[in-house]
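In what follows, structures are represented as structure tokens.
Both of the next two complexes hold chain A, though its partner changes from chain B to chain C.
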Partner chain A sequence: MATTHSRTAARFMISPSVLLLLGWMIVPLSMTIWFSFQSYNLLSPGTEEWIGFLNYEFFLTDPAFFAALSNTLLLVLGVLVITIIGGTLLALLLDQPVFGQGVVRILVIAPFFVMPTVSALVWKNMFMNPVNGLFAHAAKAMGLEPFDFLAHAPLFSVTLIVAWQWLPFATLILLTALQSLDQDQLEAAEMDGAGPFSRFIYIVVPHLSRAITVVILIQTIFLLSIFAEILVTTNGGPGYASTNITYLVYAQSLLQFDVGGGSAGGIIAVILANIVAFFLMRMIGKNLEA
Partner chain B sequence: MGSIVLKQVTKRFGDVEVIPPLDLSIVEGEFVVFVGPSGCGKSTLLRLIAGLEDVTSGTVEINGQDATTARPAARGLAMVFQTYALYPHMSVRKNIAFPLKMAGLDQAEIDRKVNGAAQVLNLTDYLDRRPGQLSGGQRQRVAIGRAIVREPMAFLFDEPLSNLDAALRVNMRLEISELHQKLATTMIYVTHDQVEAMTMADKIVVLRDGYIEQVGSPLELYNSPANLFVAGFIGSPKMNFIEGAEASKHGAHTIGVRPEHLVITQDAGMWQGTVGVAEHLGSDTFLHVAVDGVGTLTVRAPGELALRHGDAITVTVPGDKIYRFDRDGSAVR
Partner chain C sequence: MARSVTPRRKMVVTVLAWAVGLLIFFPILWTILTSFKTEADAIASPPLFLGFDWTLENYAEVQERSDYFRHFWNSVVISVGSTLLGLLIAIPSAWAMAFVPGRRTKDVLMWMLSTKMLPPVGVLIPIYLIFRDAGLLDTRTGLVIVLTLINLPIIIWMLFTYFKEIPGEILEAARMDGATLWAEILHVLTPMAVPGIASTLLLNIILSWNEAFWTLNLTAAKAAPLTAFIASYSSPEGLFYAKLSAASTMAIAPILIMGWFSQKQLVRGLTFGAVK
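The block that comes next holds the complex of A and B.
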């Protein structure tokens, strides 16, 4: 029973935290916007001046920008596809009653607890290294030429590493969704003559759609800003082959010391993220409605 | 079409024997009700017939053919679940059409059958809604619709009315009975409610701890219960049981008297007692009468009675309405 009084009181009570969060967001954002209109390079201090949209012009016409844009989208899309398909299959597997279920589940979640730099280094040195890596050994054992993943398929390799990290998250969310599926529905479908595959397509997948939506939305937020894995493994290279927008902004502002250009890139990244979010919500947002 | 025979069927879950060896035959077109208290194995028995559980030993024959290892879908049975088990993401139309779609029928045929079923069940206006937008009774009808479109050899109902409120339950009870008259298909119905069993069944199977206590028509069970359990389970209010000296007079260990067979007499009678609680229902009056040496008897008197707490009355029962049971609870005939 919310009366007018209690609603006013509630607004009053939550106002400090709202104001704090607003300030937390608005200060860095307005500073970034301010810097993005400045000629501001750390190598020539004291020469800052207003240059209008020049930073944006440079950033948007840089050939690296389009490479980074498509890399960002490919990375997000690739990881989403792998984690959702792999996560669904893993969740189906983990839902089966097996001996040592608890231990197996913890093992599956484990990659999520490894910090990105560490897991990227492990993959780089222990799996993908063309001389000492496990994949190289496996290739040699089968009489094949070892494949230098990070040099010849850099974006694919980064996608693989990031997908490995996010697979547990997707698995976990999908597993809990799977466990909330009413067994009666599956039995009813079985009585109705649906085989295992039909039951999966017509009953399980629709039931999972909401969880899949949550996974897509949350992962997209984090995957748009993948950075550590790229820095540790490929440094965005060779060329711009594995540079995404986040890494490009980093390179602009901290390798070339161009704070103005970096800020402009940051603002563009914000706008891109919003465009992605808009289309995502249009496409799958309806799944979240009860 | 639609006869079901169970031969020496057992079911164990680990070390627990839920169904001890059990024989049962169900004739085509019968309305059979499995009734018993919670945990008596009636739902398990239904699931064994449906094929949702595998029997531990014994055989299940449907239409004279061994169906013990047949998949649920291959048995030609349709089931209505207690929770309805509707597919929440599909419209009512798609829910009802699902078994037909799985059977690979063409769209025109599916539409024809779905519309037919919807007409029978008064669902035509709701075909495009989702199950979540329907009331309990409507959902129940959708679940039944999904069962009847398949034209199964037998319907299995697993406590289908227990999630409905009392008034709706009476309605749906009638609708299911009418459906049975119309389709004349075998129906097996599980319930813990003896009123549902008595009103709907052609044949009642009373179960306790997996054992069949008695099989018979509702009135057979009412008039000649095989033992104390059946006598106490069938009939409402519950039968009065009297032990000791009073029972010995009739040559039994226990005697049973139904509340509706006790007659209130003014002066001379069998038992004299004082009225405890009197429940006035209008159509009937239930009196709880304390009788010395006998215990508390429930008396059902028709109509309104001006009897109150503490009044002294005398009750009598006709000699042929006394049920006699021996020491281990079996009826003495």
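The block that comes next holds the complex of A and C.
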């Protein structure tokens, strides 16, 4: 009797969240799908008409789309490589006994709490600026010509900034995983004559593989939607050199007011994210049973 | 047992760890230092590290010129408001799913998580148009609504993982003693759930404070929080490094401090309990 009672109460308690999220997902998403089949520009209201897959055709055959797609992939991959290799090394370092361990941890984690617009502007002006940036000063001190990072290597520069922000996240997760490693197993391997390198390859790496997968999947979800860093550093340029899909859709819809084209781009972004999400959900779902 | 380490080795590792830590922290340190320089010292060549005339005038000027505290207050209202609203909606749901799990609880949880994976550009245009027509563009109310919805899955998941760790036997014992549902919630569960709720609150305020897609796209001048306020420095005129640094330092300081307190919860919250 108590069970029936609490089950009804439970349904009642869960429903607000479910209804809100359902609304948040279905209403705007179906609007985006609807718009994506329309010729609809905010500058010429009243001329909306159904044009089938024409928006998709334009978006997918636009050279900007291919630039944005490859930039998106390069950005995600670049940041993943830097954060996972750097994060593993840092986690191994921070797992050792160190004087002032707490303080070092705090220093390493700090970039994660810096808001994206601040880190992008600080890097852009105070480090990468070709006249007054610290990198320019360093280059001059070594007798080299200062390099204009954001003009000549825009995507690489954005990758560096984003990697700096996400390195703490990877480090923290890998460190947490490392701390649950069974020390006896390592000692046993050492006694059996395994060197530091083979202990790392055969014991540490397999132990970390789950955490690394989690880092890859979660970072990918966030990295596919990088926006603020591009907006304040390069505005996607020069040309389309640092435009990713998120920025392209933003430019199409809110700068050119092309609702139809922007919506088609948005749906394509949703499909891309879904491919990643599929794998992430399977992993987390498995964990839920354990 | 911790493995024994020679003092020499510990020294070497310590030096290395501190060097790497300071290197990673350096951009933040440099920003804080620059915020105390005059504009001329900020771009001096070669750069000045500590030997400059310390001044507070940048802080005063940022406040005077661009009304810093209004944007600060917008950030506070938006991040705290959306977090409290989110908790209000999420606590009952997470409680029910953790203690009265049904056949489909797992599916519901996974589905909630999947909404988090929807890229914001997929719904940017409809939300923008709905907000425009409803008069919600550039209002704090609008941003509270959006941030509540985008963070709701994370809040529910975090609370769920915390609530699940509360032993069910305690509830059964309370029920045996004749406690009603509400007495059970109030006297048994709440005290045990408070630490989890506090961690969730902290992490969610941090995430909302730094959220920079919706805050940039849905605000102009009136409701702009610090993310959007700082972005307005991207096309500056004249000397501005010191002022940019002062504005940046003020924007990140509160969250940096909160963040350091929530390191442990960060891992759990952002991995949806997959890594603890």
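Just so we're on the same page, the second predicted complex is superposed on the first by the 258 of 290 C-alpha atoms of A that agree within 3 Å, B and C clash if a C-alpha of one lies under 4 Å from a C-alpha of the other, contacts with A are read in each partner's own complex, and residues count from 1 in each chain.
Convention: a residue touches a chain if its C-beta (ideal position, glycine included) is under 8 Å from a C-beta of that chain, and two chains touch if they have at least 3 such contacts.
Since the structure is predicted, the reported quantities are computational estimates derived from the model, not experimental observations.
In the superposition on chain A, A:P206 contacts chain B only, with no contact to chain C. Residue contacts after overlaying the shared chain place A:S198 against chain B, while chain C stays out of touching range. Residue contacts after overlaying the shared chain place A:W123 against chain C, while chain B stays out of touching range. Once chain A of one complex is fitted onto chain A of the other, the partner contacts of A:E187 extend to both chain B and chain C.
Legend: residue contacts after superposition of the two complexes on their common chain; A:A139 is shown touching neither chain B nor chain C. Within the superposed three-chain model, A:R105 lies in touch with chain C and out of touch with chain B [touch as defined at top]. In the superposition on chain A, contact is made by A:L167 with chain C only, not with chain B.
In the superposition on chain A, contact is made by A:I267 with chain C only, not with chain B. With both complexes placed on chain A, chain A has more residues touched by C than by the other of chain B and chain C. Touch criterion not met for A:A153: it reaches neither chain B nor chain C. Counting contacts as defined above, chain A residues 187 meet chain B in one complex and chain C in the other. Touching chain B in their complex are the following residues of chain A: 182, 184-185, 187-194, 198, 202-203, 206-207, 209.
For chain C in complex with chain A, the residues that touch the partner chain are 1-3, 5, 10, 13-14, 16-18, 20-22, 24-25, 27-28, 30-31, 34, 43, 45-47, 89-90, 92-93, 95-97, 99-100, 102, 106, 108-110, 112-130, 149, 152-153, 156, 175, 181, 206, 209-210, 212-213, 216-217, 226-228, 230-231, 233-234, 241, 244-245, 248, 251-252, 255-256, 258-260, 263, 266-267, 270-276. Residues 2, 5-7, 9-11, 13-14, 16-18, 20-21, 24-25, 27-29, 31-32, 35, 90, 93-94, 96-101, 103-119, 121-127, 132, 134, 137, 140-141, 164, 167-169, 172-173, 176-177, 183, 186-187, 210-211, 214, 218, 221, 224-225, 227-228, 231-233, 245-246, 249-250, 253-254, 259, 262-263, 265-267, 269-270, 272-274, 276-277, 280-281, 283-285, 287-288 of chain A are the ones that touch chain C when the two sit in their complex. The touching residues of chain B, counted against chain A in their complex, run 50, 52, 71-73, 77-79, 81-83, 85-87, 89-90, 98-99, 102-103, 146, 150.
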